[in-house]
C-alpha cells in the first residue's frame, strides 16, 4: 500500500512536470507566438488609441485661433493644481473690454492625466493628446504654455 | 576511422610539443610552458563558453516566455553578454564595511577555481582530453563538491543575514545531493568496471549506456540530471540564491567582477555537469550507432567526435535550462525530502539492480 | 525606527531579518520584520507607511467630483471598483438613479479589471515562487485587457472612468467585439495556466497546508475577498449587498473551506471564470440610453454619514463619508481590503519557513498602496 | 440562508437588546445603519457583550475609524454579525481632545490592532491595553496628528 502510494506520487509528479515542460517546449519552438514588441523600433506603426490620455493639448486652427475663453473651470476642476490661467483685459474692436487668456500654463510634471479639465471645459478648448513620450532632462521643460504666441479666441465662442 | 577534427587536435598537440621541445631544452621549463599555454587556451575557451551559455540561456528563456530576448547589441543580440561583461568589469567591486574582507574577496576565487578544476578530465573529442586521470569520475565528484566551501565562505563573510541563510541552505543542499550524484555515477562505474572517463566512453562504442543499460540506467540518468541541477544551484533548486526569498542569497553583497566570477562559475559548472552526464550516459564523443546498419553507422562516424560531444552536452544543458524556466522553486524542507525520501532510496535500489545486471551480464 | 537597529541575534537567540521595504516579493514597499529560528518563522511584524500619501486627508480638500479619481491610485489593480465605490457613495447620498446602460458598462469594466487583477496575481504568484515563465503567459491576456481599458477609458491602470451619476464617456464602437476577442483568448489559454503552474506538483506542494486561515480567524481579522472565501467565509459584497444591478446577474460566489494557500489559489482561478461568465451574460445585452444621470455642477452632499462598500478584486472596499453639507467631504475614510488582509500574514505564517512566508504573501495578494493609502 | 434571515434582527430588536446591555445608550436611525452612542468609558464592557451575546453576536468589525469634530473626537465602530447578518454602528465620544484615550478592542476583534495603530498615528487617540501601539504610517518623531482638523502642515507647498 505504502509502495503503491509512493510510486504513484512519483509518477503523477513526473507527469505534471512533463506537462509543464511540454508547454514551454511548445513555445520554444513556436516563435510566431512571441508577444513582445521592439518599442522604439515600432514607433512608425505604433498607434495609440484615440482616447489615450497622454497630455493636455489646446488645438489651434490654421488662423492660429483657439477656443479658450479663460473661464477657469479647468483650473478649478484640476485636483492637482497643474493648470494656471493668467487672464488679461483685451479691448475689442467695438471698444468693450473683455477677459481673454494671456497664458495658459500647464504643469505637466503635476498632471495625473485624469482628464477632468477636459470634462469641465464648456467650449472644448482643451483635449487630451496621445503623446506619451514626455521625458526631459530638466523639470523646467515640463512647464508648458499651451496657447501659441499671437493666438486669439475664435470668433463666436463665448 | 579517425575523424578529421579529433585527428587534427591530437596532431596539433604533438606538433606543438615537438616544436617547443626544440626551443626549450629544460624539461621543467617545457612542462611549465605547456601548462601555461594549455591553461590560457582553456581559460579563453571557458570564457567564450560562458558567454555562449549566457546568451543561450537568455534566448531559451525568452522563447519559452514568448519574448524576443536580447536583440539590440550585435546581430540578434549576440554581443549582449559581452556588453554585460564590460559593464560588470567597470562596476565598482565594493566590499561591505562589516564584511570579513579577506574571505569576502577570496570566495569568488575559490568558487571559480573549483569550477575550473572539474573541467580537467573531460574528454572533448576522440583523443582530446586534458588529463586522462584513471579516477576521473571520483575526481569530478570530489572536486565539484568543494564548491560548497566557496559558497559558505561568501555567504558567511558578507555579514548579511540573507547571505548567511543562503549559505546555510547551500551546506544542507550540496551535501545531500552529493550522495545521489555519487550513487548514480557508481551505477555506470559498476557496469564499466573503470573510474576513468576515457574507459567509460570507450565502453560505449557499441551503444550508449542509456540504451544498453535498460531502465535502471535511465533512472540513474534522470537522478543524475536532477541531482546535478541541485548541485549547481540552478532553479528549481536555487534556494541558495532564491531571488524572491533571499534577494540573491550568498551573492547579495557581490557586485562587479566578483559577481561576474560567480556567474561564470555557474555556467562552467553547468557545462561540467552536462558534459559528465553526456560522457557517462550518452557516450561522450561516441557517435550514434545502430547495430546492424553498417551504412548508417559509417555516416555517423563521419560527423566529428567533438560535434557529437558538444551536441550531447548542449542537449543536457538545454534540458537543465528548461527546468529553470518551467518550474517554480522548492522549499528547503521539500528539497531535502526529495533527496532523502525519493532520490537516495531509489538510487540505492537502483545501484543494486545495476550491480545485479552487471554480474549477470544482462545489459547489451 | 532604523533598519537593522537590532543585532543579528536578539537576547532569545532569534535571528531578526527585515523583508522589505525593498524586496523582490513584497510587491511594493512593505517591510516585514521577521523573527527567525533557523528557517522557521517565530513572529512577523508589518511596518507600513513607505508609500503613505494621506489620500484620506487629500480627499477632505477635494470636491465630490474630484475625490474619486485619486482612489485609482490606492488599489491600482481595481481602479474601476475604487472609482465605482466613490461614485456610488455620492449617488447614494444624493439618491441619484444611475441609468441602466451605465450600470451594465460599470459591471463589465469592473469584472474585466477583476479578471486582469487575478491574472496579475497568477503572474506574480508564479514569480514569487521562482517560476518566471507563468508571468508572461498571464501578461499576454492581461495586455489584451489593458488595451481594451486604454481604448475605452483612455488609460491602462488609473482609468478614472466612473463619475457620480454614471460613466464619463460612452463606449467606443467596437467595444463588444474586442471584449469577445479577449474572452475567447482567455478561455483558449486558460488550460495553460493549469499546465504551467497550478497543476505543477512543486507549486501544489508549496501551497498545500501552508498558512491555514480558519473561518473564525478570517472574521476576527477582518479578512475579505478571496482570502476569506478560501476559508469558507461567505463575504462577497456583490451577493450580500448588491450594487449597480449585480442582483440581476447569475454568478456563483466561490467558497472553499481549505483556508490554506492552495485554497486561495483555487478561489482566484475559479473567480476568473466567474468574471468571464458575468461579462458573457452582459456583453450582448448592453441597454441603450443615457450614460450619466444629471447632477448639479457643484455637488453638495446632505449633512450626514454615508457608507458604501464594493467588492474589489481583493475584498471589501468601504468608503465612509462624513458630510457637513459642504462641497467637500468632512471626513473620508477608506476601509481598504488589503489593510485588513495584511493582518492575516503575521497570524498565519508562524511556524512556517521563509519560503512559505513568500508563498503566503503571494496568495494574500497585497497591494501596498492600498494598505498605506 | 433562511436561518440567517430568521435570526437577523430589525433595528427595533437591536435597540432593545442594546438597551439591555447598556441602558444609557442613545440611538440615531437617520443613516443607513442603526447608530448607537455610548460614552467612551463604557466602551469595553459594552463591546464585549455585543460580541459574546448569542442573539447579537457581532463578530465582524468591518470598519473602525475616528472623526474629528473639533471639540471632540468620535470613535466609530462598524459592527456586523456574520452569523445573523445584522449591522450596527457604535460611536464613542472622546471629549478630551488634548490627551484622548479609549480602551482598545483588540481583545475582542483582532483586526482592531492595525486600525487602532492607524488612528493613534493620524488622530492621536491613545488606546489603553493595546498590544503594540506605534505610529505605523508616519515616522516615530512626527509632530502632530495629520487627520485632526487643527493640523497645520509646515511643509505644505502652496500652488
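Letters A, B, C and D mark the chains as written, and numbering starts fresh at 1 in each.
Basically, a residue touches a chain if its C-beta (ideal position, glycine included) is under 8 Å from a C-beta of that chain, and two chains touch if they have at least 3 such contacts.
It should be emphasised that the depicted structure is a prediction, and the values quoted were computed from it without experimental measurement.
Novice: Give the chains in contact with both subunit A and subunit B, ordered by label.
Specialist: In this structure, the chains that contact subunit B and also subunit A are C.
Novice: Shortest hop count from subunit B to subunit D along touching chains?
Specialist: 2
Novice: Compute the centre of every chain as the mean of its C-alpha atoms, then state which one is farthest from the centre of subunit B.
Specialist: D
Novice: Taking each chain's centre as the mean of its CA atoms, how far is subunit B from subunit C in angstrom?
Specialist: The separation of the two C-alpha centroids amounts to 45 Å.
Novice: What whole-number Å value describes the gap between the mean CA coordinates of subunit A and subunit D?
Specialist: That pair's centroid distance is 42 Å.
Novice: Between subunit C and subunit D, what is the gap in Å from one C-alpha centre to the other?
Specialist: From the centre of subunit C to the centre of subunit D is 25 Å.
Novice: Can you list the residues of subunit B that touch 2 or more other chains?
Specialist: Residues 64-67, 325-327 of subunit B each touch two or more of the other chains.
Novice: Can you list the subunit D residues in contact with two or more other chains?
Specialist: As it turns out, subunit D has no residue touching two or more other chains.
Novice: Multi-chain contacts only, two chains or more: what residues does subunit A have there?
Specialist: Only 17, 20, 23-24, 35 qualify.
Novice: Spell out the part of subunit B that touches subunit A in their complex, as residue ranges.
Specialist: Going through subunit B, the ones touching subunit A are 60, 63-68, 71, 322-323, 325-327, 342.
Novice: Touching residues of subunit A toward subunit C in the complex: what are they?
Specialist: Residue positions touching the partner: 12-13, 16-17, 19-20, 22-24, 35, 48-53, 77, 79, 112-116, 119, 128.
Novice: Applying the document's contact rule, which stretches of subunit C touch subunit A when the two form their complex?
Specialist: So the residues of subunit C touching subunit A come out as 62, 65-66, 69-70, 133, 136, 139-140, 143, 147, 150-155, 158, 160, 163, 168-169, 172, 192, 195-197, 199-202, 204.
Novice: Which part of subunit C faces subunit D closely enough to touch in the complex?
Specialist: Per the touch definition, subunit C meets subunit D at residues 1, 45-49, 52, 54, 56-57, 92, 217, 219-222, 224, 233, 235, 240, 304-307, 316, 318, 320, 322, 330-331, 333, 335, 339-340, 342-343, 347, 372.
Novice: Which of the residues in subunit D come into contact with subunit C in the complex?
Specialist: 30-33, 59-63, 65, 67-68, 76, 78, 82, 85, 109-111, 113-115, 118, 122, 132, 135-140, 146-147
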